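These notes concern the structure reproduced below.
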Amino acid sequence: MAVLGVGVMGADHVARITSRISGARVSVVNDYVTEKAEQIASGIDGCRAVADPLDAIADPEVDAVLLATPGTTHEKQLLACLDHGKPVMCEKPLTTDVATSLEIVRREAELGRALIQVGFMRRFDEEYIQLKALLDGGELGQPLVMHCVHRNPSVPSYFDSSLIVKDSLVHEVDVTRFLFDEEIASVQIVKPSSNPAAPEGVIDPQIAILRTESGRHVDVELFVTTGVAYEVRTEVVGERGSAMIGLDVGLIRRSAPGTWGGQITPGFRERFGRAYDTEIQRWVDAVRTGSTTGDYTAGPTAWDGYAAAAVCAAGVESLETGLPVDVQLAARP
Amino acid sequence: MAVLGVGVMGADHVARITSRISGARVSVVNDYVTEKAEQIASGIDGCRAVADPLDAIADPEVDAVLLATPGTTHEKQLLACLDHGKPVMCEKPLTTDVATSLEIVRREAELGRALIQVGFMRRFDEEYIQLKALLDGGELGQPLVMHCVHRNPSVPSYFDSSLIVKDSLVHEVDVTRFLFDEEIASVQIVKPSSNPAAPEGVIDPQIAILRTESGRHVDVELFVTTGVAYEVRTEVVGERGSAMIGLDVGLIRRSAPGTWGGQITPGFRERFGRAYDTEIQRWVDAVRTGSTTGDYTAGPTAWDGYAAAAVCAAGVESLETGLPVDVQLAARP
Amino acid sequence: MAVLGVGVMGADHVARITSRISGARVSVVNDYVTEKAEQIASGIDGCRAVADPLDAIADPEVDAVLLATPGTTHEKQLLACLDHGKPVMCEKPLTTDVATSLEIVRREAELGRALIQVGFMRRFDEEYIQLKALLDGGELGQPLVMHCVHRNPSVPSYFDSSLIVKDSLVHEVDVTRFLFDEEIASVQIVKPSSNPAAPEGVIDPQIAILRTESGRHVDVELFVTTGVAYEVRTEVVGERGSAMIGLDVGLIRRSAPGTWGGQITPGFRERFGRAYDTEIQRWVDAVRTGSTTGDYTAGPTAWDGYAAAAVCAAGVESLETGLPVDVQLAARP
Amino acid sequence: MAVLGVGVMGADHVARITSRISGARVSVVNDYVTEKAEQIASGIDGCRAVADPLDAIADPEVDAVLLATPGTTHEKQLLACLDHGKPVMCEKPLTTDVATSLEIVRREAELGRALIQVGFMRRFDEEYIQLKALLDGGELGQPLVMHCVHRNPSVPSYFDSSLIVKDSLVHEVDVTRFLFDEEIASVQIVKPSSNPAAPEGVIDPQIAILRTESGRHVDVELFVTTGVAYEVRTEVVGERGSAMIGLDVGLIRRSAPGTWGGQITPGFRERFGRAYDTEIQRWVDAVRTGSTTGDYTAGPTAWDGYAAAAVCAAGVESLETGLPVDVQLAARP
C-alpha cells in the first residue's frame, strides 16, 4: 500500500496500518517534504520513500493508495489511481471544486468499478452507527428535524470563514446524507455576532440551516474558537421520539411514554471487546520485542494469577462461614 | 502462534488475531473437540489443527501460545510452555488451585524470563486505565474505599455459589490489586436472602468485603441472575474526591469544590481514533476482496464526496448573502 | 385577593394560595361559569363567588387580583385594576394584540406605580435562575448563541399553527429577553415537513430563529405533537463555554479545560430544603385536621424514632468490636 | 405554634412557617439563649419569647410544638407535650437513649392519640418518594440489596466516631425502614484506614452493614470529612432491576431489557409547579410590601408582556412567508 502525504493525518494512517490493523502493510510513502517521507519509511520494514506521487501510484508493488495529500493535488492523483485501476482511500475533500469532483465521479463510473472511497470517518464511529440503526429500525418514526453542534477549541491560523463551511460543515453534510439517505436541497448560513476571540475577519460562530429534498430541517452550530474542547453532537427528532449522541455519555433516547436514557452494555464482549483487542495486540507486540528484554508479557503476570487464586480460595472458605478469612500469600520469588 | 482451546473465548481470540490486530498470525489451533479445531484451521491461510496441545506447544513453527483451554489443563500446558521457553497468554484462572499456581510462579521465576501473561483484560480497558491514571495522578488523594458491582443477566446452568467467587469476584480481586498496587489481606462473603430467580441452591446475590494490607475497604456486589444486562461498576473514594466508571457514561468524578462530571473528548483523534481504525480496516478488507466483486470500497463513495462538495459550495455562497442557496446536483452517473 | 377565572390554571392558583403559600388568602373568585366559581368558593373559608369580574376588582375587600381569565378579556380587566390601583398578576398574554398591550403599558406608566406582573413563571424556576446567575457571573463570557427546544406530547384540539407561536414560542421569547437582558430584533419561522401525527393543517414542528438587537442568535424547535412528554430545554453558548438545562439532570456546564458536568448539592439545606418545607406543611395540615382523626402526625412516628435509636445504639456497640450486633426491639405497643 | 430551640435548625423552621407555608404561625419561641429567642420573636407579628420551654408547651395559645432543642432535653419536653395533649414535631433524635425512647412510645400509646412526629425529613423528599413508589409498584420485584452513601464535606469540631453513627447513619436507618417496611435485625460497623484529614481519634470513613429481619443487605458508606460536598445516595437492587437516587440527576433506573435512564417530566405542572409556587409567593410578598416602594411586582412587568406580544406578532407574520420579520417596539414609557 502507498500512503501519499505523511503530514499529521497521513502519518497517523501509516502508524495505524503498521501497528493496529490486520492484512495490509505500507510499502511506499510519499510527501512533498521528502525528508519526512524518508524518515517515516526508514522506520518500517520493507518500506521506501518515493519522490513523485504519480510514480508511487504507478508502482507495481502498490495494491492500493491512501491519499492524505493537500486537497489541491487530489484531482490529478485520483485520476492516476483510476488510470491504473488502483483502489484509493481519499481524505476529504474529494477535490477542491464541484466541477472536478463531478468529473472524478464520471470517470470512475465509466470504469465500472468502485475504486474511490472518501474519508468521512464518522460513518465508522460507533455512536453514529447506533444512531443510524435506531433510525432505520423505525422506533422513532420518520426523522423530521436534526440539530448538530460542531465545536473546536481552536483552529490553525490559516482558517477563514469559508473553511468553517468547507472543513467543518462538510462532516455534518455527510452525516445528514448518511442518516437521512437523501440529498440536501438548500443551505443557508446565518451569522450571529462573532466571538471576540475569533481571528480578525473570521465569522465564528456560524449557523448553517440545511433543508433536505423531502423537506427535513437540519441546523448546525459551527463554532471553532470555543477554547473548550472538541464537541460534535447530533440530535435527531423523529415522529415518535428523539435521540442524541455526542454528550460524552453515549446515545441517549427520549421516547414515549416519557423516559430518557441509554442502553446498558449487554454482555462482556460488548463491554470488554476492545480491551481484549488491546490486550492481545500489546501481548503480540511484547512477544516480538521480548527476545531483547527477557520480558514477553504486557500485563498481568503469573504472580497476579496466583494472588487472585489465593484471594478467591479464601473467599470460597468465607462462603461457608460468612466470617472474614485471612489471605495467606507466599513470599514473591 | 498457537491457540489452544477454540471454544467461545478461544475462537474469539482466533478471529481477533486473524482480522483485527497487527503482527501475528495463527498457525496452529487445538481443541479437545478435534472437528472444531479443524473447522477453524480450514478457514485460515497457513493454519493447521493439531490433536495434542503439548505437540502444539512444542511445534517449532509456534512462537507463542494462547491458552483458552479449561482451567484444569492449564498447569500441565503452562509447564510445557515454560519448558520450551515459549511466551504464553493464559486465560484466567492461572490454575485451579493455589498450590499449583504458586508452583507455576516459582518455575517461571527459576527461568528468569517473564513468559506468562494472565488474561485479566480489564487492565486494558479504557475506563479502568483512566481511573488508574486519575488515582496515580494523586488528585483524589489516597484511595480509602472502593465499591464494586458485578452483575450478569444470567449464568450458565453449571454455575454454583463458589463459581460466583472464582469466576466473577476474581476480576474485582485483580482490579483491586491493579488500582491499589497492594495485596488483599482478608475477604468475607456476606449472604443476603437470595434472588428467587437464582437456580436452586445457588446463593445469589453475594456481598464480598475485601480488606487490603494497608487497611483499605472494598465491597463488591456479586449478582449473576439480574435479568437486566452486564453491569460492571467501580467507584473509588479517595481523600479528596471520588470517581466512578461503569454507569455507561464514562468516568465521572466528584471533587472539590462540589462539582461532578466527566471529560469532554479533547480532539478529533480521541473522538474518532477508533472510527479511523475501523474505516481503514474495513477498506483494507474490501480491497482484498474487491477483485471478485468489482467494489473496492467500504464506505463513502466518490459521489458522496461530490455531493458534499456541492452543498459546501452553496454554503460558501450563502456565507456572503445570508440567504438560502439551492444545491444543484448533476444526475448520478 | 381575588382570583378571576378558575379554569385549570386559575383553580391551580386558588389551591396554591390556599394551601401552599404564606401571607395571602382568596376572598373572592369569579368565572364566567358561575357554578364553577361558586363550587370553589364554597370550599374555602371566607371566600365568595362574584358574578362580574369588574365587581371583583372593585371590591374593597380585595387587595390584589390574579387574572387567569381568557386573554380576550385581559385588556378591560387590567384597565380596571389600574383604575382601582390594585396590584394584578396577569397570566400570559398581557392582551391579545400588540396595540392594546402597549396601551396597558402606557396607562400603567402614567400611574407611576408598577401594578402589573405577567405570568412568565420560568423566571422563578430554579434551573433558569441558575442559568441566569451563571451568565451574569461571567464565567462563560458573553452569550453568543442559544438553542431552545419546546416539545409537548400533544395539544388541545383548538391549537393551530399560530398558537404554536403565540402560546409556546412566547415563553422562549421571554426566556431570551430574561437571560440576555435585551430586546429581540427579528424573528423567522422555518417550516420543515410536518409530523403526520399533527392535526390536519397544523404546521408542526416549526423552527423559530430569533436575532437580538446586539446580533445574538437564538433558535427554537417548537414541536407540540411528539407523543413523548413535556421537554423544555435551553442551551446557552458563550465565548468561553456552554450550559444546558432541561435534560432532566439539572444544569450541565461544558467549559475549559474540557470538562462537562454539574454542581453537587453543597449542603443538607440545599438538598433537603424542599423536603423540610413539605414536612412542616404536611404536619401543619395534619395538626389542623387531627382533632377529628386522633392522628396529629403526617410522617415518622415515635416508634420510628425509637427503632432508629435502637439500631444506632447497636451500631455504636459494633463501632467498638467491629462485629455484627443484634438489634433488640421491644414489642410495639 | 411554639418553636423550642432556635439554633440553625429551629430558626430555619421559624422562617419556613412564617414565610413559605400555609396555615400556621409562630406565636411563641424559646431558646436557652434568651437573647436569640427574643431577637427572633421581635421579627414576627404576634410572636413572643418565653424563657421556660415547659411554659411554652403549656401556653394555651400554643396549638402545636416544634422541638428543635438539644436531644438531651427531648424526653422531658416530649412528656410535657403528651401531658398537655399537644401535637409535637420532634427533630431527631427522639431521645438520646433507647430506654427513654421506648418510654415515650409507651406513654403516647397509652394516650391513644398519635401526637409525636419525628423529623426524618427524607420521607418528604421527592426522590425518596419516587423511589418508594417504584419499589411499591413492584416493577423491580422484591428489593434484595441496598447501597447507601452519606458524605459530608466536613463536620463540626465536636463530632466523634459515635456521632457518625448516631447523627449520620440514623438517616439511612430510617430510609431502610421506610423503603423496606421492615425492621433492622443487626448492624456491623467496619473501619477502614481513616482519612488523614479526619480529626484526631475520629474513625472516618466507616462502613455500616445492616441486615433486615427478612435478610436483606444494606451497606452504608459514612464519610464526613470528604472536603467535597453533601452527597447522599441510595441504590436499591431488586429481583428485576435497580434504581439509584442522589447522583444529582434524578432517579435513574436500570432494568430489563438492558436500559438505563430516568423519567422525563410529563407536563408543565410537574416541570414548573414549584416555579408557580415561588412566583405567587414572591408576588404576594411584593404586594404586601408595595405600599412603601410603589412597586407591587416581583417579576415580569407589563413591558415584558408587551415586548413578548410584539415578537410573537412578528412570528405569526413570518409563519406566512417563512422570511425574517423585524420586530417594531415602541419607545419604553
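Just so it is clear, A, B, C and D label the chains in written order, and each chain counts residues from 1 on its own.
Quick note on the criterion: a residue touches a chain if its C-beta (ideal position, glycine included) is under 8 Å from a C-beta of that chain, and two chains touch if they have at least 3 such contacts.
Note that the coordinates shown come from a computational prediction; the quantities given were computed from them, not determined experimentally.
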| item | value |
| --- | --- |
| More contacts between chains, A-C or A-D | A-C |
| Chain whose average C-alpha position is farthest from chain B's own | C |
| Mean-CA-position distance for chain C and chain A (Å) | 44 |
| Averaged-CA centre spacing for the pair chain B and chain A, given as whole angstrom | 21 |
| Between chain A and chain D, centroid-to-centroid distance (C-alpha), Å | 48 |
| Touching two or more other chains - residue numbers and ranges from chain C | 153, 190, 209, 211, 228-229, 231, 248, 254, 258, 260, 262-264, 266 |
| List of chain C residues in touch with chain A within their complex | 142, 144-145, 147, 153, 190, 192-197, 205, 207, 209, 211, 214-217, 219, 221, 223, 226-229, 231, 237, 239-242, 247-248, 254-258, 260 |
| Parts of chain A lying in touch with chain D, wherever the complex brings them together | 252-254, 258-264, 266 |
